[in-house]
Amino acid sequence: MSSIYGNLFRISTFGESHGKGVGVVVDGCPAGLAITEAEIQAELDRRRPGQSRLTTPRKEADKVEILSGLFEGKTTGTPIGMLVPNTDQRSHDYGDMVDLYRPSHADFTYDLKYGFRDYRGGGRASARETIGRVAAGAIARKILKEACGTEILAYVSQVGTIDADIDPLKASFKTIESNLVRCADPVAAEKMAKAIDDARKAQDSLGGVIQLVVKKAPKGVGEPVFNRAEAELARAFLSLPATKGFEVGSGFAGTRLRGSQHNDAFVSKGKKAGFDAIGTETNRSGGIQGGITNGEPILCRIAFKPTATISMPQKTVDKKGKERILAAKGRHDPCVLPRAVVIVEAMAALTLVDLFLEQRARFGLFK
Amino acid sequence: MSSIYGNLFRISTFGESHGKGVGVVVDGCPAGLAITEAEIQAELDRRRPGQSRLTTPRKEADKVEILSGLFEGKTTGTPIGMLVPNTDQRSHDYGDMVDLYRPSHADFTYDLKYGFRDYRGGGRASARETIGRVAAGAIARKILKEACGTEILAYVSQVGTIDADIDPLKASFKTIESNLVRCADPVAAEKMAKAIDDARKAQDSLGGVIQLVVKKAPKGVGEPVFNRAEAELARAFLSLPATKGFEVGSGFAGTRLRGSQHNDAFVSKGKKAGFDAIGTETNRSGGIQGGITNGEPILCRIAFKPTATISMPQKTVDKKGKERILAAKGRHDPCVLPRAVVIVEAMAALTLVDLFLEQRARFGLFK
Amino acid sequence: MSSIYGNLFRISTFGESHGKGVGVVVDGCPAGLAITEAEIQAELDRRRPGQSRLTTPRKEADKVEILSGLFEGKTTGTPIGMLVPNTDQRSHDYGDMVDLYRPSHADFTYDLKYGFRDYRGGGRASARETIGRVAAGAIARKILKEACGTEILAYVSQVGTIDADIDPLKASFKTIESNLVRCADPVAAEKMAKAIDDARKAQDSLGGVIQLVVKKAPKGVGEPVFNRAEAELARAFLSLPATKGFEVGSGFAGTRLRGSQHNDAFVSKGKKAGFDAIGTETNRSGGIQGGITNGEPILCRIAFKPTATISMPQKTVDKKGKERILAAKGRHDPCVLPRAVVIVEAMAALTLVDLFLEQRARFGLFK
Amino acid sequence: MSSIYGNLFRISTFGESHGKGVGVVVDGCPAGLAITEAEIQAELDRRRPGQSRLTTPRKEADKVEILSGLFEGKTTGTPIGMLVPNTDQRSHDYGDMVDLYRPSHADFTYDLKYGFRDYRGGGRASARETIGRVAAGAIARKILKEACGTEILAYVSQVGTIDADIDPLKASFKTIESNLVRCADPVAAEKMAKAIDDARKAQDSLGGVIQLVVKKAPKGVGEPVFNRAEAELARAFLSLPATKGFEVGSGFAGTRLRGSQHNDAFVSKGKKAGFDAIGTETNRSGGIQGGITNGEPILCRIAFKPTATISMPQKTVDKKGKERILAAKGRHDPCVLPRAVVIVEAMAALTLVDLFLEQRARFGLFK
């Protein structure tokens, strides 16, 4: 189990679905950042279960408490402990869950790896694990905002077979947050909401794609060769439950173009000076070249599979390999994407702030 | 610059395109592995430039020398230093390369990040950097083979608009190595070779996709939540030059399915015992569930953009932001995929051996 | 601020003297270890303030709550969150502490490093920070005990000018815990207790030395060249507040001997087989040779300076550099050593369990 | 085996006593530092064997070659590979060394840990391993000098029973380098040289102590709680062969003082402004308080045991545990301290530059 992330801005998350609570310790946060519990709570509220009819009916206030690391409203540079108690971990008979393996879930592999598992609600493999990421991500996001003006925005761009039709650079937070799906295209959003409703009624589930747009990201960050910015982002997103793919810039579609069609020509950008005067005409690079951010918007797409937990009966085996039929009870999201939007933003923030601090360590030491 | 990779099996690579040489130090290799320079050389020969008309004409023997860490033909557990001298770093006038930024290359971002750059042949952003990965990967591959019987195989499954038509599980090393493209489908391979030839003649370049198949991978490896197996693989592949995307199992296509269509039913697998008796009917998970390998083949796809360096004239700017026309001379691959196959295999080996050792550290300590 | 320790068995501590609480997240603990809150509490009780007249009068129950990572009494391999609420953080006027720098304390350097500080009770520089280490150390200790039979024992061997007179190998836990000073020599213990009483009455403080003895430590652990066992132990102990020195085996005294006097002759050890049949006649190496444990008892000594906080008036400066007189109020230990014994044991356990797991990752893979 | 050191300024060393060569890769060096092979060679020449009658007669030019990472005389921010070929690895019959364990050497523990060992000249446990540290340390030292004006100086302050009598702050590089022992006190230096000569003639060896003084070290560096500056320094020095102890500031002697005697009073330092106006009257803290450098000189002492390899016959056992007599042939230093001075300086530089970069990453981000 490795629940520590980052090199200079490090987070350590803990907690299971049905334990006492979940949380995170943030280590290496620069001192002097003004931040409040309310700012962190705002992000957690976007991730919270039960926020709409499209999400799991589990009711959790997900109220965060900051335990350490702040003094007079500012970070002190010492570890920031944050705790979110679990309140709606239903006490009930887990029945079949004890020895049945849910298809495409982590039950079997946890048994294989650790020898046994906490079968209550998915244990650590539950999406509840991501609360710590979101709480820490709120701090990372504010650092980037304050230091670089960075704007991190994600939205659902595909649910099942329905695709949004919008230029990512024109997506607005207001529109995204004004619909239950968190889609930047309001027309597609309605269709997506209906599709999710239909899937739930059919005891089934849907997957989709989240689009990430980062404007005013710190420039020059990313540490070739192994810690290229896109490599770190890919790892960040693929560490999220249910993810199956990652693209930056032109992605898989770009592989069908010729170099002359694909290359982003450098152009002069008006009145600015020095490196700020240089940009690219197109942005198939997705804001990253040679593993380093170039000042253009960072564009990524993340694939999420349909929720593995569905209510309809499924074929599976038990611990002894005996074939059985599983009818999952529990509570679950028929489509994880609306809530995953904020988690994607959090991972982007955590990844970029770490690379930003690493660049800051060495940049400009010798002119 | 971060050129160290791995937690327990660590590699540290060095060297530029036009310096004295490139190499790697492998730290943390278990003691007692029998390995020879010839075994490492065999992998380097597959990566070598000039191996066919489809690759860069740069001529390099890429002869590896093991400097340390072996005794009487076996690893001693101490660092294994390996060096490959550069021999064909043409001495010439770099002319425009000194202050022109090649589109979609790392020239601009290296200047932005480091303040200046070694402009000779791409410096550290050159694909020559991957030699150290391949040399170290040969050792990682042998460890996995000896310890788990692991078979790591990659091939080109798409070049430009041409797709291979073959079940990844049926791909054979012999077929792959018998054509210049390293495609597992011999019919597609011929079309791909022609397409690459055409692109080169047109002073242009092509991209494509590499398919990875890992059979008999160690089971139970991957460290949730942040170091899930797919997350580490994604980072590994996205750390390669020219990569734009990653998929595991069903990938982006799987996001369009419903849960009931997508889930991999668990089934009993014949006469085996314990966990070995349990497998999945389908493998949309791509051999990884909950971030942990489950014993099914690992299936990944990696997107490579068309080579950024092309011979036809392109629009760009110089250091001062002045718009200019670039006509690249140099030597380059019109399509990097045939040579990238071995690099993908190396990164898979390096990633899996590291996770394997980490699992071995804790597994079975308390029954 | 770097509050994460370990590579495979990782702990992340948080919390200040006067915040809501202190705690730790343990990441990478092997699954299947049976452990209870009571076992962890037992160690915390040995560290607890107010346990005797020789320690600070601050009253804290230091009651630990395990938040995650256990299921049915066993570790699951997932992060173990532990929290100890602060209960006796007196609310009062900090007066001079806000802008006066206590001599030989961390006030000045925290301001220098972080720009400002939490001045209440020392903030993160308080010994209260060590609670997380002790809680995590209790788990590490049990792993070593279960897996290797390891016995970790520390005691106060010097207070001020009073030295214990006892062979470390003959020290007994029972004797150590039966006196207030935690000295293995009961005669010296009485003199030490009196000396501490006298120092407190004189508004002054004392330092001293703690002796560590580890029997049945895992063999073959320590990772040359940079992570030699003695190097990791030295870092572990020097990371504790108030430490000024470290010795292993013969230490500084051994530097005055000749090689022929200092070398530990290898001898055959009776009826055992293989490496277990080989030991050393003397143990000036302190159980570690070439950075690797050799099976003999590990012997270390750690120097603690006299407590920096004393009640008698002292010369100092304020933030503006103006010279002032400080008369510390607060509550503090006149001598930290009796309580530091358990912290030294915890750091030894944390360090050895991490090296043990690393050795287990690679050992015996290729015979 | 763990031969990687540092978090932001990372070095990876390799090579054995009797292999093809030894070397290092420096990863994470800031770009733009002007440095030459000659500057690195100068440090290696101070470490070189055969430099005087007091050292091993092994003859090695120890000529360094920079393989990568520099362009037009400056570091590019990419890995700096450096190689030093072995030239005088005598080919001979190792005879008894194959299965005899040299007392207090690493032979037995390497066999225990790795299963077998390179018995030629100590393999990786040879002091030859430190060449990579010295080469990398030369770069670290120059960074600190250029960025902060830091002066790192070490000298032999004790050999056997002979102690130097000099205030560390008055030690001069010129005096140190003008005698064979590298002692800052010329009178003691002569006695020490004679003592070493006598020990060699007696087929015996001597140990001693090295004093380190760092002036103008970067302020505010050190990362509490686990990576306190003194903790990192302790690990750095204890990772050197033959070390048995470490002290910072008042060290073990300081434990006998009372707090009122030991505390360093803060005082106003003349005309400077801000934090530069504040210093301490005494320096028992050794330049580090609360784990963070305070601007006063850093003072450390490192204990080295007498060389384990001696020519006189010694009792030992062979691999099978059979008791035997060893008469070491080989070539060795009768006292390692004169050559260890430069290695101590290198480790101090490597440690401080890493902490300096980490502090730079976060410092002053939010005023």
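Structural remarks
Labels for the chains are A, B, C and D, by order of writing; each one numbers its residues from 1.
One rule holds for everything that comes next: a contact is a pair of C-beta atoms (placed from the backbone, for glycine too) under 8 Å apart; a residue touches a chain by one contact, two chains touch by 3 or more.
In this text the structure is predicted, and so the values were computed from the model without any measurement.
Least step count on the touch graph, chain A to chain C: 1.
Taking each chain's centre as the mean of its CA atoms, D is the chain most distant from chain A. Averaged Cα coordinates give chain A a centre that lies 26 Å from the centre of chain B.
Rounded to whole angstrom units, the spacing between the C-alpha centres of chain B and chain D is 38.
Averaged C-alpha coordinates give centres for chain B and chain C that are 45 Å from one another.
Counting partners per residue, chain D has 1-4, 13, 28, 31-32, 74, 77, 113, 115, 124, 358, 363, 366-367 as the residues that reach two or more other chains.
Those residues of chain B lying in contact with chain C across their complex are 7-8, 28, 30-34, 74-75, 77, 143, 146-147, 357-358, 360-363, 365-367.
Every residue of chain C that touches chain D in the complex is listed here, in rising order: 1-5, 13, 101, 103-113, 115, 124-125, 129, 158, 160-161, 199, 202, 204-209, 219-228, 230-239, 241, 243-252, 254-269, 275, 277-278, 280-281, 284-286, 289-295, 301, 303-310, 312, 314-317, 321-323, 358-359, 363-364, 366-367. Residues 1-4, 10, 12-16, 19-23, 25, 27-29, 31-32, 65-69, 71, 74, 76-81, 83, 113-118, 120, 123-124 of chain D touch chain B in their complex.
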